[in-house]
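These notes are about the structure you will find just below.
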Amino acid sequence: MSGRLAALRPGLGPLRPRGFGGPLTLGLGTCFLSLIVLIPLAAVIWRSQSDGADTFWAAISSPRAVSALQLTVGISLAVALINTVMGILIAWVLVRDRFPGRRLVDALIDMPFALPTIVAGLTMIALYGPRSPLGVDVAYTRAGIALALLFVTLPFVVRAVQPVLMELDREVEDAAASLGAKPRTIFLRVILPNLRPAVLTGVGLAFSRALGEFGSVVLIAGNVPFKTELSSVLIFGHIESGNPAGAAAVSVVLLAISLVVLVGLSIGERMGGDRAR
Amino acid sequence: MPSPSRLRLPFVALACLAALAVAAGCGGSGSSGGSGGTTLSLVAYSTPREAYGEIVPAFQKTAAGKDVEIQQSFAASGEQSRAVEAGLPADVVAFSLEPDVTRLVKAGLVAPDWNAGRYRGMVTDSVVVFVVRKGNPKQIKTWDDLIQPGIQVVTPNPLTSGGAQWNVMAAYGAQLKLGRSDAQALDYLASLFDHVVAQDKSAREALQTFLGGKGDVMLAYENEAIAAQQAGESLDYVVPDQTILIENPVAVVSKSQHLPQAQAFVRFLYSPQAQRIFARRGYRPVVGAVLARFTFLAPPALFTIADVGGWPSVRERFFDPEKGAVTRILQGQAPA
Amino acid sequence: MPANGGGHAAAPPLAAVGGGRRGAGRWALRGAAFGYLALILVVPLGMVGWRAFGDGVGPVLDALDNRFFLHALWLTAIITLITVVANTIFGVAIAMVLARRRGVGGAILSALVTLPLAVSPVIVGLALVLVWGRQGWFGGALADQGIQVIFALPGMVLASIFISLPFVAREVAPLLREIGTEQQEAAATLGASPLQTFRRITLPAIRWGIAYGVVLTTARALGEYGAVAVVSGHLLGRTETLTLHVEDRFQAFDIVGAYTAALVLAFLALLAVVTMHLTRPKESRS
């Protein structure tokens, strides 16, 4: 593109647009990112090891921290998987079905993203806690944690899958049907493979979100070490009990896991070419 | 592209709301700090919000308190103490237990002679009680009842909440009072934490958890149980025979910009009027004359923190973030 | 505006898949989807309204008139406003850089911008205290100058900017990439200044991306709890946002107050969601 224009101005070389997007913008953007993101996170990493490697290792290998991590990763994975299945299903109904109020339901899917986590937590406790009008009491249990996490990670897979579902070429499905393939086969062999990059993106985002979730679970979880204590709550406990090194150490572990997931997502995005929120 | 006219409405609505919010806030916050008045910052632990809610207006009616606005903050004692150390602006601190003030002395924020006065810096007392459901259906009366099979206990997290530390020392001391050895007392603590089903970060949050229906018994300050009852919650509380005398400190922050007013406020807290307010709110007043006019149950085997070693040694032995006995219990290791 | 996606007008929905025995299959799917949504989404939201109005309308009006509520509302509005402005300006700037840079530099920048989405709010709070607290990297020096960052408005704004940083940048960057640099180069050749180029050519192209990003940013900033809980200091009437106010009312035995504030937040969330729906880029909408 620039080559063509350069041809219009021979002798001046490739044309670089002046102004925005150039070095000044890069500099400003980098300063902003450094101040807001990089420096604070660097402080966490630095603090985690500033009391010595022994302290770091003790903090992350203590039975309590290990148990919290196992619980966190386990529940986050389970929740991500459940919401994958349900997310595909909901996206399907939203894209392929027609019913009154569809647009309202479609809009509502974003509610967990917009609703403050503390409000989500309160409602979860009110609804599924000891005074539940539905008679369901899962507060202060792992099921309660899962419920809260299902709420907050609901939109990710749905929103990742929807655009792809809409773009799918029906002709392949119709052809398969006309050749006698059963609906289930069509779904598994024709549709699902096309959805895979989007699904993976959605799962990655949902998992990342669940991993670090705090506001919506801190009320309903109970936070009892070894039973219902998540890593994010453990970090908060360390902060508030004057153990910043311990808090930073556990944070570094969570950040590392998130980083791995992020990198995977990045690679997936480039391959899938779709825009994830 | 979405059509512009459809789009405008929600943005207009959001903009209106924002304007409304700012207008409301200007109206609401405009009333704070009158002309030429001072503003004190009171950083307190989680439970005395109702008491200070009454005491502050009473102070403002006195000569010393005229034109003094007092901003209040209530959260777990340990949390607040560390926040002040990390820069939370404070003129007066009111914590659940002495070590949270000692931390600030070490940080140079509170004068070392803060507890040299007649009441040793303590402004209210209380005792650890068992809070139970109305009618005490599970008949929980003694410390041994707490570790019966199936009993669910609610207590805050000992590493953040002052109230929780009082609970733990009450449990430990009670065992000693019952004639058990130190090792047996530590084992009791381990069993107790086996029965804990929820650990909130502050005493007040633990109360909310219990009121929300979780647990059979909650270990709490007597004043919390009374506060809940006064708020209309239906529960009972049992004062165990062996329990600890809770003593809550208050101190002036020496780096305060408004030292005279801060000191005046703290002095006011010891006045009969303020002590009566505390008593009505369930705290045991430290001023003997006021205490005599209220009926508080006197447990037969009441002990103090000095009887179990004093806070400095207790903090190190039980609550040290790495080696403390309670830390180890919470980590799943043997207490000693 | 397209009524269905993809432009396949003739094929009836669910024809090939799930609609074999069309009636039963479709209703089973619908039932599962709606049931799940009801359980996870609708009923919890209904609870907020139910609990708020549990004692009637009067207490709700009182709660709305409470000075702590009003201050929290104002504080939240201010923080959100500053956050949106900062993240929009820098988001567009970063998006421009992202659109032009490929390769390793671009990938690193892209990862940095996406990072806040994956960081737990409590880690954000910890990070800010470690940098701006009195014993932190910069906080000590600032405190000596009398500047309070943590436990005051600046700290809360920083937390808010962190957690909502990615949205504008990530919405605008692809749009910029799409339109390419051709038009801007042409404008530069014709003598337009950078500002004119931006206003006349770039801005119209990214306008809806910015709008959507702004709504996302607003929604996220409004609802933040974990990060501000760590850096707020809980000064009643001074550093409590609406979300912290909900928690505060709860702890003061004021259930109606707590749920009223929660209801206001839920309503704002609903407004944000509707706006999101209307501004969402075309290809994501059903």
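For clarity, chains are labelled A, B and C in written order, and residue numbers in each chain start from 1.
Note that a residue touches a chain if its C-beta (ideal position, glycine included) is under 8 Å from a C-beta of that chain, and two chains touch if they have at least 3 such contacts.
What you see is a predicted model; the values in this text were computed from it and never measured.
Engineer: Quick one: which chain's Cα centre is the longest way from chain A's?
Structural biologist: B
Engineer: Return the chain pair with more inter-chain C-beta contacts, choosing between A-B and B-C.
Structural biologist: It is B-C, judged by the count of C-beta pairs in contact.
Engineer: On a C-alpha centroid basis, what's the spacing between chain A and chain C, in Å?
Structural biologist: About 14 Å separates the centre of chain A from that of chain C.
Engineer: Provide the C-alpha centroid distance between chain B and chain C, rounded to the nearest whole angstrom.
Structural biologist: 35
Engineer: If you look at chain A, which of its residues touch at least two other chains?
Structural biologist: 236
Engineer: Mark out which residues of chain C touch at least two other chains, giving numbers and ranges.
Structural biologist: 129, 136, 250, 272, 274 - these are the residues of chain C that touch more than one other chain.
Engineer: Applying the document's contact rule, which stretches of chain C touch chain B when the two form their complex?
Structural biologist: The touching residues are 1, 67, 69-71, 73-78, 81, 129, 133-136, 139, 143, 148, 150-152, 208, 211, 218, 233-238, 250-253, 268, 271-272, 274-275, 278-280, 282.
Engineer: For the complex, give me every residue of chain B touching chain C.
Structural biologist: For this pair, the touching residues of chain B are 1-3, 6-7, 10-11, 13-14, 17-18, 21-22, 24-29, 31-32, 41, 46, 49-50, 71-75, 83, 85-89, 202, 204-205, 208, 228, 231-233.
Engineer: Using the touch definition from the top, list the residues of chain A that touch chain B in their complex.
Structural biologist: Going by the criterion above, the answer is residues 58, 62-64, 67, 125, 129-131, 137, 139-140, 222-226, 236-237, 240-243, 246.
Engineer: Which bits of chain C are touching chain A when the two form their complex?
Structural biologist: For chain C paired with chain A, touching residues are 4-6, 8, 11, 13-20, 25-26, 29-30, 32-34, 36-37, 40-45, 47-48, 51, 90, 93-94, 96-97, 99-100, 107, 109-131, 136-137, 158, 161-162, 165, 170, 174, 180-182, 184-186, 188-189, 193-195, 197-198, 202, 216, 219-220, 222-226, 229-230, 242-243, 246-247, 250, 258-259, 262, 265-266, 269-270, 272-274, 276-277, 283-286.
Engineer: Mind listing the chain A positions that touch chain C in their complex?
Structural biologist: 1-2, 5, 8-9, 15, 17-21, 25-26, 28-29, 32-33, 36-41, 43-44, 47, 86, 89-90, 92-99, 102-103, 105-120, 122-124, 126-127, 134, 147, 150-151, 154, 159, 162-163, 165-170, 173-174, 176-177, 182-183, 186-187, 191, 205, 208-209, 211-215, 218, 231-232, 235-236, 239, 244, 247-248, 251, 254-255, 258-259, 261-263, 265-266, 275, 277
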